[in-house]
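Each chain carries a letter (A, B, C and D) given by its place in the written order, and its residues are counted from 1.
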Amino acid sequence: MLLELPEEKVFKDPVHHSIYVQDLTIWKLINTPEFQRLRRIRQLGTSYLTFHGAEHSRFSHSLGVYEITRKIISQFERNRYADWPQEEKLLSLCASLLHDVGHGPFSHSLEQIFHTDHEQWTCEIILGDTGVNRVLREVDPQFPEQVASVICKNYEKPIVVSLVSSQLDADRMDYLLRDAYFTGVNYGTFDLDRILRMLRPYQGKIVVKESGMHAVEDYLMSRYQMYWQVYFHPVTRSSEIVLRQIFRRASELYRSGFEFSFMLSPIRELLAGSITLQQYLKLDEAMVQTTFGQWSEEKDELLSDLCRRFLNRKLYKYVPLLNEDKNWLEEVRQEWRRIGLNPDYHMEVDTPMDSPYDVYKPGALPDGKEKPPILLLDDQEQLTEISVKSDIIQSIAGLHRGKYYIYYPEERVIPHAHRLSSETRKKLSI
Amino acid sequence: MLLELPEEKVFKDPVHHSIYVQDLTIWKLINTPEFQRLRRIRQLGTSYLTFHGAEHSRFSHSLGVYEITRKIISQFERNRYADWPQEEKLLSLCASLLHDVGHGPFSHSLEQIFHTDHEQWTCEIILGDTGVNRVLREVDPQFPEQVASVICKNYEKPIVVSLVSSQLDADRMDYLLRDAYFTGVNYGTFDLDRILRMLRPYQGKIVVKESGMHAVEDYLMSRYQMYWQVYFHPVTRSSEIVLRQIFRRASELYRSGFEFSFMLSPIRELLAGSITLQQYLKLDEAMVQTTFGQWSEEKDELLSDLCRRFLNRKLYKYVPLLNEDKNWLEEVRQEWRRIGLNPDYHMEVDTPMDSPYDVYKPGALPDGKEKPPILLLDDQEQLTEISVKSDIIQSIAGLHRGKYYIYYPEERVIPHAHRLSSETRKKLSI
Amino acid sequence: MLLELPEEKVFKDPVHHSIYVQDLTIWKLINTPEFQRLRRIRQLGTSYLTFHGAEHSRFSHSLGVYEITRKIISQFERNRYADWPQEEKLLSLCASLLHDVGHGPFSHSLEQIFHTDHEQWTCEIILGDTGVNRVLREVDPQFPEQVASVICKNYEKPIVVSLVSSQLDADRMDYLLRDAYFTGVNYGTFDLDRILRMLRPYQGKIVVKESGMHAVEDYLMSRYQMYWQVYFHPVTRSSEIVLRQIFRRASELYRSGFEFSFMLSPIRELLAGSITLQQYLKLDEAMVQTTFGQWSEEKDELLSDLCRRFLNRKLYKYVPLLNEDKNWLEEVRQEWRRIGLNPDYHMEVDTPMDSPYDVYKPGALPDGKEKPPILLLDDQEQLTEISVKSDIIQSIAGLHRGKYYIYYPEERVIPHAHRLSSETRKKLSI
Amino acid sequence: MLLELPEEKVFKDPVHHSIYVQDLTIWKLINTPEFQRLRRIRQLGTSYLTFHGAEHSRFSHSLGVYEITRKIISQFERNRYADWPQEEKLLSLCASLLHDVGHGPFSHSLEQIFHTDHEQWTCEIILGDTGVNRVLREVDPQFPEQVASVICKNYEKPIVVSLVSSQLDADRMDYLLRDAYFTGVNYGTFDLDRILRMLRPYQGKIVVKESGMHAVEDYLMSRYQMYWQVYFHPVTRSSEIVLRQIFRRASELYRSGFEFSFMLSPIRELLAGSITLQQYLKLDEAMVQTTFGQWSEEKDELLSDLCRRFLNRKLYKYVPLLNEDKNWLEEVRQEWRRIGLNPDYHMEVDTPMDSPYDVYKPGALPDGKEKPPILLLDDQEQLTEISVKSDIIQSIAGLHRGKYYIYYPEERVIPHAHRLSSETRKKLSI
């Protein structure tokens, strides 16, 4: 069942100008409570504390991914490429729209603490007792399983998986453009139209015409720049550290039987490690912030201090660490104890390298875990992995620039500066 | 005390590219909890339910207003205009930064229900026991009163009031550009740089060089277009109606002694009409949304239904009303009762004309309530109110196009369509 | 014969991003010498002397008009509107591409002096012995006549004429956007995509859905602003006056038998009023400028001075004239003679009202001369002329703001200032 | 003598929005005939035949370079950096405005044929009997020599030379942004404001704060992309080949005593190798195009054919050459002769590597010939050449991707295809 809407629906979008919805199924999916919930989850987590414009939601990103996918398929159909299976259009559109529907508030940070996985939630939402599942089942009883298998990368037609998930997929293209637009940095812009025009379905893969190589170079350079200017910005890292510490402390307290003066149901089950799908769907950033607001007056001083820090943006200061500083860190822990600070909370060492991001991985295999590499199709119909032909990409692919930083509450250290070693004072510039 | 920061601070801003902070006082004000709280309050209230990009906060708008004011003063200083009192710079900057600090969540809607006034809260925050007040008092013990008097439009030097508040002020210029940028519409753009270059301090007022008239026409046309395309969009009005109904219902229930299963302190005092400054400062949109989430399962069916509508964006449908439809409305109320709906909630008539917005008012007097009109300064140093010279502005100024709409829950009416009069069915197109 | 190109051709265009050519006929037309010649004729004539970016050619504008027309037709086809005759696609595209092919260098100025008409030249190029004609005849022997009749507005199907020529046609939409882009002013921007989405073929006309009214208002305001900021800019008018004076003087000299030291063939025939099509096609701005360069050293001092003024941008100064100044003008002529200036050349009074431009004419009739008005189509399928529903457009339509200016060579007047009357000195501010 | 204008002059510029002129000397320089002449010389030579928007002139670029330099100096003055000699402001502004004033029509192509050098012409214009020289001498009799020495890179204060000419100078920054804007490609954009904010005067050099490294990477990537997408575009190369062949042929004819039916004075002296400054100043693109128009009917068939090709954009076709094709080229020469073509004109091998462009040269020495490298200034006030710290720049700096192409008149070869070897037919795909 592929029902067209009597009249095309248009969403105004600052990045793509307009987003066009022609299928009734897409329209109904957008209007499910599970999808509307993405309005209450920011695309960039705590980055708004660094870039005040970065308030955009996963709702708008998901629509953007859908729109790029729609444009790619529309190009394939217009040119009647034989390698594109036209009957997979609705499946591809649904998978691209829903690929992030399992995200919760501040996912990247919370997943580290609670060992959950948004992709698994995505599949549960698609397959469980939800509005999304009901809309998909109207198409066909097997349709939810198909959508989930595309997102989990084991659908039987690899070209559909390749369309929805690769190192040059609609997801990455939308978030680079969108995050650049809302943060206001200049780095994430590249020629989307040109790249879309260069994509070709070819033998079960989505590949790029060789004449589009420079446009892809530009896209990967944007990606590289966005990592260092936006995604790995140390102020954002600092806010994530505070956020994780709040949940770490709350978990400790919960396990030790602490009586919280404020505790909403899904937060309790999150701390207890027993959260169900229906509870998970109630979690959003509003609830996390409201909880932090209430915990700002909780009796546990560590917890209340961390919550106030997060809400009032009194984050930890950061100082870069050199390789040879590693021994010094143990000393700092002792000094911290000496001046009455808790080294398990009041200092944290962080490197962006523990991150899910990679600018580009030439060797990535489409094994269901890694996103496949970018392939160029030349005039002789030969495929070549792009970093073989592009020195720029070769050089970006191998880069490892992660800087180590130490984060700590500066204003609590300064009053005790005279009790610190001269090495510590020098390294912290106090 | 006008302390410069050792190094200029720069905020990345998508609208103005960069926002420059040079004064320590401005820097400290931005870092107060009261100002950081504006991050949790959207500039456009419920408009994000119509334009998914409109997630931007009053925090970013306030910085933008500050930045435009800084640029205007900097132009005045560069050209050494005699009519500009240079010693008022910091006062002007603080007033422009803080002019919206009293806004709460969804202010325009909530002020209608609870008869509060964000401008009054602004003054309480500036004059009360707050971080903002402490920072201002560091400048001078009288400084908080001065800042408040500029915002309340009774400061002794009218030119400072005119700079911060007029029909062509930094507030309006920033919000038009910002709202256009984040919604993604094309209408709000005008030539900010040209207007800023044309402003002149003159005999206690900020006026515009006559050669800037066309740029001002363009600005007012942007304003006009934004009202009809964005601010008065019927979907946004529908979401505001649902929001106001929630608070109206909650107030009724509160007064009748209903036992809410979830109630946080400032919400309770809001309903009780006894909210204090410290409680008000805890209110934010996260708390409102979290409360709605909890009330979605409240026993009162009307309240829980409205909350679910708001969160899941199941808003009321709207149909335009003609003048001659007014008699019919009473009939509808009766029909609604007949089919089991509550006419006090399940229908609402709305016109944008009850709104605080006006495109331009030529006759507005600077009496402390209305924003003064725009004056052109010609080569003979004569001042003329702009609509006298501009036919375009003359025509915009007199416009009253407010359309009446009736809003109602369509899906609850349709099953009973056969019981409605043919007139009603025709008017509602069912 | 509607041959498709084996592969779509794409022109990079700063205004429309890309321009797509799919038909072989269009591709061949672009590559004719007559069309390539448009590269050597600027879209805005002498405006580059006011706005240095305005160097763009009629070639790029013609491609832009083609592209907008292509997009409109593509929207009609996608929605399968019954009122659009699909078989007229190629005819419409050719007419839109070629509508300006008869323009010569600085057309608007030269047409005033030599009483020629670019539209007539367009038809001669289409129907005469040219590359354009040969390409069109390959489609069908009658095709050139059809294309010419669309451009001359007497083609049998009025909807094709209405598509190519109206007050909201692709020509006007492209030049507003393009002229704004290249001059760098902010005024000419409007929401092209939205307007294109709102166009409908309806009973032999192209009309606008009523919900697009605000977008059309915005388009007409852009038009209004562009006239006053760009098209009627007094510096541009000054350069046009100098240009026309050069040709007026050269004609006088030619008629009086003056021996020019430099004279190329088509210029001679232009002065003689006997220019043929083949000669006309050799005229371009390069030839005009080269001729001016040579005439800069011609013996006739008036001619050589004017040519140097044009090339070195030593234009005439301008001062606005009031209504009551008309009597004074005769005095100035006498004073000019007294101080040795030639009042037939060294002063000129100009008003933009003698111009081919109109922001909008509600009463224009599609009589083959005037461009038809803009009609709104409402939900009841009623058509209404737009200024009836839009107060803004009502007010723009009636505007007559043309200012009179007097232009004169300031540096030749100043040395004799003491011999001028005090009234003249005051009016000229010398 | 540094006279300020009574009122700042503002040029509207599409790239920098506004260009501000505050000094009377700058204003007068812009109004000299030599500087106005730059309006008649395109910034990108023949590139408009590939990118139809690329009609912008060296006039607008020169203003842009001036404006960027003005902004840099203004930042230095605002921050009162000790290493910046404030008295050199006017000198720096004049040198940046005038650095390209010696360019003639299609300089890069013509300099190859006639072995002239635009930098030398720049110095002659500054030092010779010109309007530019007279304006500069009003400042100080030594001032012209000083301006020339800055442009020739031997001025006594190296920091002024470094400001005006380096691998990150105002010239390169303006042309990348401007060429991207007018061609309409997306590649040339980078964050100009951020780079300008990161520049520091330091010990006789202009260096970059280390935290600006990523912005400089982005700038160099833009440069890299612009080379391959715009500057080295094979269609542009083809038009340059035709242009050079015209002048090569005309020189041959001139030397052999051919009687040209049309020949203007500076063209004659250009061919004769005896052109003077006053003659050079009369050369512009209009004259070159007019001459080509006249030569289109010259008796020498080779010359007239080349001129028609250029004007009607019937350029040579191109096919990439592989390294192993070099032997084959000699065969082609023989085949060409066999089918009646002239191998000295009807084929040409070209590689972009013979070009004045380099993306970045880390080892460049400021020896008066090469532009100095980009240095990063870290927190310890250490300077490091940027490619040492940036892997991206390291990789760009070493790139040599120049492809060889063979260019030839396809339509003259095809009729004889059956007489060509199968190897030739295969390589030319005919």
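Criterion: a contact is a pair of C-beta atoms (placed from the backbone, for glycine too) under 8 Å apart; a residue touches a chain by one contact, two chains touch by 3 or more.
Note that the structure is a prediction, hence the values are computed from the model and not measured.
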Chain pair with more C-beta contacts, B-C versus A-C: B-C
Furthest chain, CA centroid comparison against chain A: C
Euclidean distance of C-alpha centroids - chain A vs chain C, Å: 51
Chain centre separation (chain C, chain D; CA means) in Å: 32
Whole-Å gap separating chain B and chain C, where each centre is the average of the chain's CA atoms: 44
Contacts with 2+ other chains: residues of chain C: 17, 185
Interfacial residue positions of chain D with respect to chain C in the complex: 11-15, 17, 31, 33, 36-37, 39-40, 42, 48-49, 51-53, 55-57, 59-60, 63, 181-185, 264, 282, 284-287, 289-290, 293-294, 311-314
Of all residues in chain C, those that touch chain B in their complex: 185-187, 189-191, 194, 214, 217-218, 221, 224-225, 228-229, 391-392, 394-396, 398-399, 401
Residues of chain A touching chain C in the complex: 10, 17-18, 193, 197
